[in-house]
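One chain, subunit A, links the two complexes that follow: it is found with subunit B in the first and with subunit C in the second.
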Partner chain A sequence: MIAPQSPNTQNVAYANLPPKIGNGHLPGFKGTATVSGVTVDKYQQAGVPKGKSFILGTDYLGRDLLSRILYGTRLSLLIGILATLVDLLIGIPYGIISGWKGGRTDTFMQRIIEIISSIPNLIVVVLMMLILRPGLLSIVLAIGFTGWITMARLIRAQTFQLKEQEFVLAARTLGETPTRIAWKHLIPNLSSTIIIQTMFTIPSAIFFEAFLSFIGIGIPAPSASLGTLLSDGQKAFRFLPYQMWYPAAVLCLIMVAVNLLADGLRDAFDPKS
Partner chain B sequence: MTKYLIKRICYLVLTLFIVASVTFFMMKLMPGTPYTNQEKLSADQLRIMNEQYGLNKPILEQYWIYIVGLLHGDFGTSFQFNNQPVLGLIMSRLAPSLQIGAQAMILGSGLGILLGAVAAIRKNTWVDGVATFFSILGISIPNFVLAVLLQFFLAFKLQMFPIALWDGFSSSILPTLALAVAPLANTARFMRTEMVDVLSSDYIELAKAKGNSRWQTVAKHALRNSMIPVVTIIGPMAVNLMTGSLVVENIFSIPGIGEQFVKSIMTNDYPTIMGLTIFYSFLLMVIILVVDILYGIIDPRIRLSEKGAN
Partner chain C sequence: MSDTKITAGSFKPLKVDNHEEQEKISAPSLTFTQDAIRRLKQNKVAVISLFVLLAIILAAFLAP
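Showing the complex of A and B:
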């Protein structure tokens, strides 16, 4: 809606135009480039009609970079949130069951966790990406599949403490089913752990997506994500640095923002500090 | 201790076996073939090549051959890298990766401990604020973005370092910097929390009461004790370094195992992918095992509580 252009419209004639705002009076957004010592107006060379400008320039296929960044950010955030959902859907039940049952079930479930966590995360994600067809869904699944380990561990440790407490005992004596206890008593008490961990999972999911796209097995073309934009930008970084600058800045900004939020939430929920 | 060690090593072998099996069957599910120009190959050629690599046998038999081979230290033959044995390939590329990883680890954790300690001593002042800001920034900037930025400014613009080349120490500086930032930030955050705890404990009060100066107290008592728990994050840090090295090695064209892993993924080189996955897992598990043992040695309380539990 806000994007000035469709992110996938190609116009090769307008390829690699530098950033320009309005008539090009702002420094850094003049729409000019220095070619072998001479400053030339790239827009004039490409025959762009007067009054038309690309705020952040265009990429090698003449696609508007600003629109691509906007859509890419949307996709990256979507992946971050969906992957975290997958993470929650596996991690919370796994942790609660493991902690609630205890004994042999717990030992067995913890062994599985140990095995999964002894393979570097990224390698599992890469292997899964190779098997699944590239696309949004498989990225989400691959990241979610490896991300739930920490969540499950935290939840398990907390469940161990909670199940010994009086209110859980009371609920049990009143004859409530384990599922109901989990929903009504455990999850509300686990919520602060869950929220904090969620906030830490989102940036790592965004990072993984960017990473996968960067090495070329992430979101397939022509869709844009911050990772694919970075990967495209890196190829021409030496000559057209703006193509890498803007996506990199956006990615870092998102990561800093979410990390700060997570940090703040942890401080707010942590009774110790 | 010996019993504990034997138990851990048994788990390690079992885990490696499971990792090997899972990766093997995952590879078999992978779409595509390892032959680059398959359309041009005739049915006969394909049959001969499949026979040569043993890909025509039933999957379970291939699995058996692979596992037996692993037990003999045979990781199979690479499809892409001139038909070399995978183990030899990994070994020949191990040195640069280990060098960069170790350098990044030492630099990152060393500076991180320093930064975290300073932040804790000057808690809630502007020093603390700056340190916290930088550690959040360090965690937030993806290492591949940092690598490209370093390459652009220090190597391309200022020409201080080679852009992409593997030739001695000077070429390892930029990748080390790019990889060291994440461990630095993590250690600093962790160290700060620990140090704040330690500084408010009774024995620090005692040390101060005895008339030690502030810096003496910190250097002699606080620093050593707050560094103990930092050992526990070496394991997760090693994982981050491994994943980071995958792409940083590619950016700087370093002939290491990370670069090889990415290359083998691009070319469907199953034996190399499998070999490297097993190798990475092995490396990681050994690091975690060593860290656990070290932790017991450094911190006597752990040993005591373990005895008490038994």
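Showing the complex of A and C:
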């Protein structure tokens, strides 16, 4: 609906066309390029039929950049969401169990966390490439392997505080099971920490994926992500800057928006403010 | 300070309906989430970035 063309359809005849909207009257979207000091109509040169235009231009294989950016954004967001899911599904139970049990269990679990966090993330990804094919799964697994540690630590510290409180004591005295106490008393009281930490996990996961794709061990070739688009655009940045500017702008917009929203949520959910 | 004697006459009984009025809570009681959403709405930058994010997400997932 929104994406005008299929993001993977190649047409080498239409390669590297500059952005053009409609008949090309808007500045910056005229479909022209300056070649050795002379402004030429790239669309005419490539023999593109009249009326056909690429809103954000095409890349070096003639693929529509707007469609690729839309699909790339989807993949990047998907990675952010999946990383958050891992954060929620592993980080929270781990932190709550570690904080609730205390004592030996806690010491043991914290040592595991320390061991995992001492392995650099990049090494995990590179080792993952040996077993799995590069792609969405291996990136999500790599982020999931280390991503939940911050969450688990925060939750554990908070649980230590909460479990000494009177309402938990009351619930225990009344014979509530630890599982129910965790659901009914701990998680509602931890909600602010969880929401805030989640909002900071999403951008870091997106950024990590972009970084991996940029250095070439991320999403494999045909499918697009913001990182691969940046890495493709960077190769021709001096001559075709639009191929890097637009994906970079989208990435920046997502980063700024998520960070500002996270700041707002932190202020809103902090009962002390 | 003048010497005024406090007698039984210097007290007036409180009206019953007045008492109920005093107990009334004028502001609507909010749950934690409602309060947080209210505070989030006051933060203009956060609301704008929320809408920008929603627009990006919709555009990305409705693309095909």
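One rule holds for everything that comes next: the second predicted complex is superposed on the first by the 260 of 273 C-alpha atoms of A that agree within 3 Å, B and C clash if a C-alpha of one lies under 4 Å from a C-alpha of the other, contacts with A are read in each partner's own complex, and residues count from 1 in each chain.
Rule of thumb we're sticking to: a contact is a pair of C-beta atoms (placed from the backbone, for glycine too) under 8 Å apart; a residue touches a chain by one contact, two chains touch by 3 or more.
Since we're looking at a predicted model, the values are computed, not measured.
In the superposition on chain A, contact is made by A:D263 with both subunit B and subunit C. In the superposition on chain A, A:L230 contacts subunit B only, with no contact to subunit C. For subunit A, the partner that touches more of its residues is B, with subunit B and subunit C as the two candidates. Shared-chain residue A:L89: touches no atom of subunit B or subunit C.
Of the two partner chains placed by superposition, only subunit B is touched by A:C252; subunit C is not.
With both structures placed on the common chain, the touch criterion links A:L169 to neither subunit B nor subunit C.
In the superposed model, A:R238 makes contact with subunit B only, not with subunit C.
In the superposition on chain A, A:G216 contacts subunit B only, with no contact to subunit C. Of the two partner chains placed around the shared chain by superposition, subunit B is the only one that A:I131 touches, whereas subunit C remains out of contact. Shared contact residues on subunit A (touching subunit B in one structure, subunit C in the other): 256, 260, 263. For subunit A in complex with subunit B, the residues that touch the partner chain are 114-115, 118-123, 126-128, 130-131, 133, 203, 207, 210-211, 214-217, 230, 234, 237-238, 241, 244, 248, 251-252, 255-256, 259-260, 263.
Against subunit C, in their complex, subunit A makes its touches with residues 1-3, 67, 70-71, 73-74, 77, 188, 191-192, 250, 253-254, 256-258, 260-261, 263-265, 267-269, 271, 273.
Within the complex formed with subunit A, the residues of subunit C that make contact are 32, 36-37, 39-40, 43, 45-50, 52-53, 56-57, 59-64. Contact residues on subunit B toward subunit A in their complex (touch as defined above): 11, 15, 18-19, 23, 26, 29-31, 136-137, 139-142, 144-145, 148-149, 152, 156, 239, 242-243, 246-247, 250-251, 261-262, 265-266, 273, 276-277, 280-281, 284-285, 288.
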